[in-house]
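Chain nomenclature is as follows: A, B, C and D, assigned in order of appearance, with residue numbering initiated at 1 for each chain independently.
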């Protein structure tokens, strides 16, 4: 079995090495192929991963290449974790957005839009290459903005693909912690979109939570605050703050000396120096400062489900096709899925969640934005891009939307 | 035939008198009953309407009463044009909203919300009275916020009711003027909600507009500007500015010395003095300063369609029931209707308008707000009210929503 | 204005001449072009129509041609009333069906299937010719089986087209007669498919029928009998007998010495002899023996609605596009429409008719057959044809379906 | 843990005893309570099951009672396998149907209808008793007609309930045999209703079948024959013969000296004599002659999924709620489910199966019948019963439907 990582120079790579080592009894890997266009980072990460893998007893051969075609040849899984333009571009997105009074964040709002416009064409290039070189392989994506990228690849390519995000398990961790039960005993339905999903019908061992238990969960849920969690009787992931605490969050963004992208950028030298140290064969401490990641768990679950035909319940981003009746069939949604060798299928939700009626409009609006943004990225059409931003609940204003487009300097559009 | 006007002290009453006079050949009225709770204004308007009607040759007997039960007894049509709390309350709504950086407007945003909370219980009271006193009568409503009021009455009462708004003909007037064709030759489909509707598939004599013609229409459309009209290839009514030119409109609101409500309030003394003048038997000049109104045309069309079983094409607010597949069945929408003695039925739109995909999310979001707001008004539930404001694209923020509720001083909830 | 009749040699042509004469004040016709591939019948009918038109004072020039291209050039309306293979083929269909114990009828069951397979390719040929020669013209179709033909042309051609059938007014006539009210005062909603439609929510002057009135209507409705009409609280057209009185109707078919096609065939010589008589300038008596027709009323209504942009309520076969939510969007349904210069739009039905729940399955099954049959006709695919017959509630059996295909001697498939 | 079997006098009971013994390591049972209203059979089966259980090492206490209330008290699972009226009533249904030229079969057609009318009120009685005595217990139903019974209980009771049928695994066994692969490696989607379901998208180890493989499967599928299986590219269960080979099957029914019910009835004395033999502690040979059963596998899977919160993929009958968009939300469908302690949720089907378009109408028609039949059973309304039979593709004819009702001697209706 060959696993390829595209964008392997990223500091997210080691956690995948670690998980592959842990799971190699059940799922032995022949080759782990690291691919990146940044030669220097690739070399550093290749060296580190070999040392790290060796220490962990990983038996897979770890290879490295800057040649995407070679990396994809014969792959069984293609993990995509790219960042087009690097953290420099991300920081620029954030600054443009903030300067216009908008949310500067890499998955949501104007920031996410700019990242999406830059990323979708590259992701489609990878997907089309997969169609030719490894048509049976699965693309396991955690490149952001996951909702946009997953919808674009599913619509405009025949590559098999699933969009993963650790956020789908947020409610599991919260509930586990709040009630002191093992995470695996917690299940729920998931409604919404990537970074805008809501866990409801939460159960422990199949039993619904009592009101007292739910209150504890609401307290533990953190953002967007216990009050809102109680009102919607669902646990959203933290990104909801951008919509329901826009003023506070914008104030924080404006007050912060560095954006999140700038923080990460500032750590990069230190981070890669640590990885490059020939003596370093375990997770360097600086990685904790950086944060992020956490995808390896869900990525390994997905790969095991497919490779071993192991029936698995997990959150994923997949085409709607009737799961949420008021969203278009071709809209990618985030939902609990049943995964096995045959792929990912939404687990249907019995009955409509009445409390989630109150976020129905928000979900529709954000999905409308996402679909328009995908069209803009694929066609390079400036009007579509404007309409996308105007459809976004965190932009809306026509003049502001035009300024975003002006400052980002045009939509790049690769043929797809 | 008996026509009752609830809220007849309003300066909108004379235009109905005028239209009834014009149409009395086709539709003779026996009694025109003016009802208001403001005795003084009712007396003034009663006097004026009798003089005005006499001058116009209206043969109907014009009566007046402050007794709602007597006014409704035996009515065939009940025109509702109330303003709960008067323009004083409206001005207060506007000021509260503006002070919180929100849209202060009587149909949209926080302003519309506050008016809705105050108005819905009273409208339901009238509707329930109609069930008892004139169960076969039609309520012809142009009380704002029409979307909320129409949905509330349709859901929570058995009274026959339709919500009218002159805005549904906006695209007809614009096209007529832009192309120099008679308004009656212009038709189109209408998609959306009250004050958020979009005229598309515009035809003249059944022929679709050419690109050149549409460009002329776009130029004449005024707000939200030719660019946007061209992009969505539809003519929206002016209220779209609140969503797509939020910043400009908010700046205007803040800069204006008087809000719209305050302007109207300031004219009231002068206006009623003019009406009270025993010599005055025609439209006083001060009415032009006041503006508003324009409902009489569409109201008369609706009453003629019903009373004469005259097949009529007209815009109306009616329950969705599948017309717009991604909105709930019980959502009230604004759409072109076929009206006759049997009531109002949406004219189905052949095929989906592709350009309107770009406002799908906005329409869903506003309708979500409207449905939550109706629930809040009917149940008096504060959580529903909060969720409604959080669902509104022009509010959203939880803390701001709480401030709106705090300042408006509680939701009034009458049993219904 | 030029009206072309394709299949003008048919005895249905004179009633159109008569109606055009009656309506020429409102809608004057410049040229009435008769087209047929049967030279002899065309000549006879041309002669008769000129005499008949003259007597009636019709000012249109009546021309004749066997050249389809010339007939379509510059046409404004194209009335299609063809019978591919003539009544000989129809009689053969009927006999094949009856010999296999099946319904032999030209619109329903195996008989309708065979006619459809033969007719659809020719109708598509006409439609494609229209795209080239008169792209703005409307095809007014009453060629049977109307459901199949209308769906095929709407799906596989860009020609403007509507499928008409006098059956949609059946409930109007029945109600008018039963209650002694003028037909124009009766209205209703129409649910279903061509020759399988159900009139419900019947009103007189917009007022719903009382139980007593409905009982009278049920009594007058004829087939399928008062009991069934009462149970479904809707007035179906007579063809429902084929489904709910299959045994009786099959017994009648088997007992009859001549099928309907054979009867008509036997009258043809006498009929054309009458038309050919140079002294004959009015409807010959033998036409009453023949029966059929009755389309002219609805055809003229449709043409007037379009030509004069005259708002008209009339039954028509049009694409579903959400009108009946459980049928596919591209399924052609029979429904009440609002017609004007812009075309035909379904009048939406407020709320679901509970009594019609009991025929929902039947309507779905027949539409399923129709969609498969259209595919079979367009592709010439034998499997689709088999599946179509197996999907038909009046066939179903696989072996019987194969026998039908065997005996009909292959599906003709013209490129389209 | 307490498992109750209602209708435990049935010869289906021993296979459950056997499975419980096999699985008691994972799922130990405290009490297995046998309940029946037939004292004699209950005593015989109680004796046999105790001997049989002892031989198999089953540690559960096996109790017996004719008191339904006591049987349900404290139960965790309630297996319902009743036959109201016994095989005598079944044989009578069959004979009535055959005498009218109709399908006489206990789940489909007129036979299934009569059984359903008799069974639904009793099943609702059990369900309502469960609401009071064991509200957290799951009813595991394999009482026929499963589609009707499951829909009735789901609609009219709050008891937790799932309808199981071994037929949902038919395609797994067929594929396993045809391709020589282990059954557990075969998966698929399931579309349709109980005894009218279609397995499509068949995979082995997650890989789709090749055309050659599918042809082998089609050959092995048996009824309704390779040709049909190839055309619809799906494996239906054998009951499809009643619809697609109606003539052959009716001929068989008429030619057979004994109906299936009569055959089983004839064996009953011999069968119970064997069970009653105090020396008998293993499956008596006469049981093979009887046939039927096979439910224990799927019943145990379902109980383990719930009890152990073990994620399980299995076919089940559950409310539709959007899974099949063209069927009503409250329609019970047969579909692959994800089962765990939280219950049964449909696994959504990615994309619409194009080949199954050809049975869409049939499925709609049968479900329409089922929904009307449930209403008839619950209300005792004769019109609903007539409409149900008229909606059934294997009845349809109104006069025949009336004869069925006449001969069955009235609908029994218990209050529910």
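Please note the rule applied: a residue touches a chain if its C-beta (ideal position, glycine included) is under 8 Å from a C-beta of that chain, and two chains touch if they have at least 3 such contacts.
Remember, it's a predicted structure, so these values are computed and weren't measured experimentally.
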| item | value |
| --- | --- |
| Third chains touching both chain C and chain B | none |
| Which listed pair, B-C, C-D or A-D, duplicates the contacts of A-B in over half of its pairs | C-D |
| Whole-Å gap separating chain B and chain D, where each centre is the average of the chain's CA atoms | 56 |
| Averaged-CA centre spacing for the pair chain D and chain C, given as whole angstrom | 45 |
| Chain D, residues touching no fewer than two other chains | none |
| List of chain C residues in touch with chain D within their complex | 224-225, 227-228, 231-232, 243-248, 326-328, 357-362, 364-369, 371-372, 383, 386-387, 390-391, 393, 396-400 |
| Interface residues, chain B side, partner chain C - complex | 185, 187, 201, 203, 205-207, 306, 309, 311-313, 318-319, 321-323, 325, 338, 340-343, 345-351 |
